[in-house]
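Some structures to go through are shown next.
Across the two complexes that follow, chain A remains constant while its partner is chain B and subsequently chain C.
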Partner chain A sequence: MHTWRWSDRFVWAAAWGAGISLCVIAAAILLYMGYRGIQYLRPELIFSRPQASIDQAGSGGFLDPLLGTMLLTVIGIAIAAPLAICCALWIVEYGRPRWLTRVVESSIEIVAGTPDILIAVFGLAVFQLHFLAFASSTTNGLATGTSFLTAGAMMSLIALPPLFIATRDGLLGVPAHMREAAFALGKTRIATIRRVLLPSVRSNVATGVTLGVSRIIADTAIVIVMLGDALRITPEGGVPGLNVLRGAGSSLTSYIYDNSPAGEGLAPQKAYAAAVLLLLFVLVLNLAVERFSRGSLARTGAITAVEGIV
Partner chain B sequence: MNPTMTEFEQAFDPPNREQVPPVRTIVLDRPPEPVRPPEQREALRPAASVAGPERLRLEDVTVSYGATGSLGRRGANAVRSVSLSIHQGEVLALIGPSGCGKTTLLRTLNRLTELTPGARRGGRILLDGEDIHDLEDTALRARVAMVFQQPNPFPMSIFDNVAFALREQSRRRPRRPELEPLVIDALRRAGLYDEVADDLHRPALRLSGGQQQRLCIARAIAPRPEVLLMDEPCSALDPISTGVIEELIHQLRRDLAVVIVTHNLAQARRVGDKVAFMYLGDLVEYGTTDQVFEEPRAPRTRDYVRGAFG
Partner chain C sequence: MLSRLLNPWTDHRAERTLGAVSLLVCLCVLFMIAFVAVRAWPTFEHNGLSWLGPGGSLKVQFETMLNAPTHTPASAYHLRAWPIIYGTLLITSLAVLLALPLAVLCAIFIVELAPVRLRRTMIRVVRLLASVPSVIWGLLGILVLVPFVGNHLITSSERTSLEGTAQLTGEGLAVAVVLLTLMISPIMIALICDALGAVPGAWREGAAALGVNRLRAIRAVTLRAVRPAIVAATVLATARALGEAIMISMVSGSNFFAPRPSDGVAFLFEPMRTLASTIVDFREGLGGAPALNSTLYACALLLLFSVCVLSVAAYLVKLPLRKYQARG
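On to the complex of A and B.
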């Protein structure tokens, strides 16, 4: 140790210090939110619907926001996953014309770098177009652009980049001789994709989906702008099923925002309870990512690339 | 067509092969021969080659890669005016220094070179009298199978690896019980069945390197091809596995024509019935193994087989 130069000792100490302080920060967030949240988190909060009330005791639970988060996640992933997977397949397996793949890849990077509030405002503008009125709630015959469907559609843009990158890097990690082996057996490109490539990137797609889900459930701006301001899920129109999709509602994030001192601040205890639930979800999803990526992704080092963009 | 064939086997037997002598159907029910220990091998080898009908005829075949090719400068010919004929019951060994077009020639025979951007082919290649350019590439590759340098089984079970080669050949998707005898037959012919019979559903990647390579051979010969192309099939294997595979090549040549690229002159001498020596894209010498090794006509061949260069 005594042979070390002072600059080396300084960097060594700084590296340790940085690492440990990050752990301390993460632990502080978890402990504080856990302490504030768990004392208010009751099972009945999860299973009861919210009530509009000045009094915190009478404002009900957050069943609707929880269901809203799930619905948004399902819609977002249902749109993003096929898009991202097809896109990655086209870029890696076909890749022609070259210039178009470059345009597509940088477009996805632009989407990934766009702040979610911009995506939300843009989505609102798009879905207020007259011919897209079927997707959202209407007032006086004009589309408001707000509904589960429109918010979910914009959520898919949030989930698409990590999904695309995870799938693309997975495909790039499949060695070329695997494709050649399939071609040499007289397989078409489609059969090779279906039977060889997609099964071998399954863990990458799972990682991408999980990263996408954790981004969707954590997003606030799109919910606040595009989901209306109803506390409960409010169906719109008469068609069962579609009326929920066209209707307004809330998610855990908007519930936390509204009930915390930052919003109307009527039920801070419930905001903490919902926050700790959200934090638990994100933690579980992170663990899931780690588990999935222990497969092929960890070997190719693609996980660092995926996390880099998130 | 053989009336004893099942409906499913007939689906694998396209009508355009009917003019071919029915060698394939005769050997169908041949019991598997055990892989013999090395000391018995030389004795079992027939003195004369068991040449059957001509399978492949190459007329003035020239292959060049464009600017994006991996070999040489723009427009350089990787293979120049090669004419050869390849017979059933014969092993043709392609020898020559690295980068002399052996592998390119091999990959041209099942049109795998077409996957390389910028590759161009001149001359004619006839498979049973039919220009391979007029065949669908997937159909061609089922008839002209290939085994690669690195064992490249798919990350699936042993059964699925072989079944993959058989599936999707016919319009009707065959079911597992129909496939099972065909899979087992292919594994038997590749001399692997006895080693894996206890569990065909274990992952193929858990086999040893030599077993993986024999699995790749089983996969390649499962659809009963007429020609088997082997690109240095033993260069990634230990001497014992190499011996087993050479013995296997020896048995397989009764059913099909074998073309093997090898850097190992001793191996060419052991397994080859005919030897073709390539140098810088030219076919320098072609003849029986004894003739090429004992009394080569070209001085360059003499130098190479005596180890003077390469």
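On to the complex of A and C.
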């Protein structure tokens, strides 16, 4: 290195500096949030319901936001997964006509690039339309467009691209001889898909679902626009089950937003506690993605594939 | 009929069904674009393209829209949105300019310089930073960075120099740009890393055989080979930065103020709004007063339009990359 020019040494030092500082920033965030978690996160917060209160001691926990996050995740994935898998299967296995597959693929790319706030305002207005009003809660007989069902439906849009891309890349990675062997045994295309292809891309679908879940639990804009400002889960209507889906509520992200100085409630301790819990979920999902995609990661080594970035 | 029930999935029917589902997804997306455009139409109808231009106080214009009577008069639609467009452009370009060298250096470090163990840690770090929710960035910003900036970095002379126009609390351009940089650089790092990894090893060996040192080889051969990937990563990161709403609405001060570079250092601390954060701040007005509603949808449409333009640009930039068989 002593023969290097100064400009080379400078770039070398800058690259090391950038890399190390990125590590330091990540470590600082984790340590700081861990410290706040030890300070404020208590088990009783997770199991008690939130209450309207002026000071932080009486405002309860975040059981309802936690359940809200889970409900949104389940609805979002339940809608997105079949759609994404069907799209991927059609594009990779059938792919006729060719121009139409291009159109479908680029429309999914558009969704991937669409800001979540735009999806939120779109969803709010769409579910105020008359023929979709059954899904949302109402005030004075008018559909507001806000409910778990409508927010979950929009969540499925942000979970769709990573799921689609993971499944498509998995299908493209299946060696051609597996299909040929199935055809040689007299299986139809759809039978090949069901018996051979879907089982072999199981880990890719799992990666996609995990990426979708981490998108959904991290999303704030859709929740604060489309779920109302209710502290607790407030059922709407008389049918059990459906009333919760049609009701308003909150999620962990909207709970953090509302309790931070940016929202109305000035309860930074509660916001920190919920943020630590959310960060823990994100970490666990990250580890899960790494586990599911171990095989494919060793093959390609691509970071973007694991992050679900288009 | 019976055979249909016994064996419901013939090949032909499966193809039709899967195709129909795919078309449904595609139509949903097209419907979304059309729907937002229709909702945004009234404000563009009243203002024309001068909607994008400067003029008047946005604060007054928004208040007029909020308080407009049920039969909205045409005058209530009057809007010149330049301050928030300027805010969006300013914050996005600053964040991308900061993130670009950081991302390129980090990617070089991860792929070319770091020891194997550190490389694995770095990849985990990048993945972690990419998946931190924006509300957590916002929370850290508003509870940690904003008080720090407000108490230690803003001098009292800067405060008094802006008295009457804007309050300097620490919420503003600087904090938002720093957080946005941290949010978008992991995406860029990941994309550039993948491209660097795809550069054929023989190219590096060729450079080494010519007696060039490692860093020269990186600069002259590897970086040059991944230039299209760097541009594509920048474009994608720009799209992310444009659409970021929650974090910016939390830390940018939520004020219709356009930061003025002529204010010197105070420029960095001035509050602002972007297109996306305006929608978050006025979300209560969605579905309410028609003029405000239409304006918010116009903001959304403008965002969608720029994101689409950017993704087309990214596609065009990626084309020459495919020719050289390098992935990105």
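Annotations for the structure displayed:
What we mean here is this: the second predicted complex is superposed on the first by the 296 of 310 C-alpha atoms of A that agree within 3 Å, B and C clash if a C-alpha of one lies under 4 Å from a C-alpha of the other, contacts with A are read in each partner's own complex, and residues count from 1 in each chain.
The rule we apply is simple: a contact is a pair of C-beta atoms (placed from the backbone, for glycine too) under 8 Å apart; a residue touches a chain by one contact, two chains touch by 3 or more.
All of these numbers come straight from a predicted model, not from anything done at the bench.
Bringing the complexes onto one copy of chain A puts chain B beside chain C with no clash. Looking at the shared chain after the overlay, A:A267 reaches neither chain B nor chain C. When the two complexes are superposed, the chain touching more residues of chain A, out of chain B and chain C, is C. In the superposition on chain A, contact of A:L171 is made with neither chain B nor chain C. Of the two partner chains placed by superposition, A:M155 touches none, neither chain B nor chain C.
Of the two partner chains, both chain B and chain C are touched by A:T188. Of the two partner chains placed by the overlay, neither chain B nor chain C lies in contact with A:A81.
Contacts of A:L163 after superposition on the shared chain: neither chain B nor chain C is touched. Seen from the Cα centre of chain A, chain B and chain C lie 110° apart once the structures are superposed, a value rounded to the nearest 10.
No C-alpha atom of chain B lies closer than 8 Å to one of chain C in the superposed arrangement. The residues of chain A shared by its contacts with chain B and with chain C are 188, 191. The part of chain A that touches chain B in the complex is made up of residues 175, 177-178, 180-188, 191, 195-196, 199-200.
Contact residues of chain B toward chain A in the complex are 110, 112, 115, 137-142, 145-146, 148, 150, 152-156, 164-165, 167-169, 216, 219-220, 223.
Contacts from chain A toward chain C in the complex involve residues 3-4, 8, 11-12, 14-19, 22-23, 25-26, 29-30, 32-33, 82-83, 86-87, 89-91, 94, 96, 100-101, 103-104, 107-111, 113-119, 121-122, 124-126, 128, 144-145, 157, 160, 188-191, 193-194, 214, 217-221, 224-225, 253, 256-257, 260-262, 268, 271-272, 275, 278-279, 282-283, 285-286, 289-290, 301-304, 306-307, 309-310.
The residues of chain C lying in touch with chain A in their complex are 9-11, 14-15, 17-19, 21-26, 28-30, 32-33, 35-36, 39, 101-102, 105-106, 108-110, 112-114, 118, 121-136, 138-140, 142-144, 182, 185-187, 189-191, 193-194, 197, 213, 215-216, 218-219, 236, 239, 242-246, 249-250, 276, 279-280, 283, 286-287, 296-297, 300, 303-304, 307-308, 310-311, 327.
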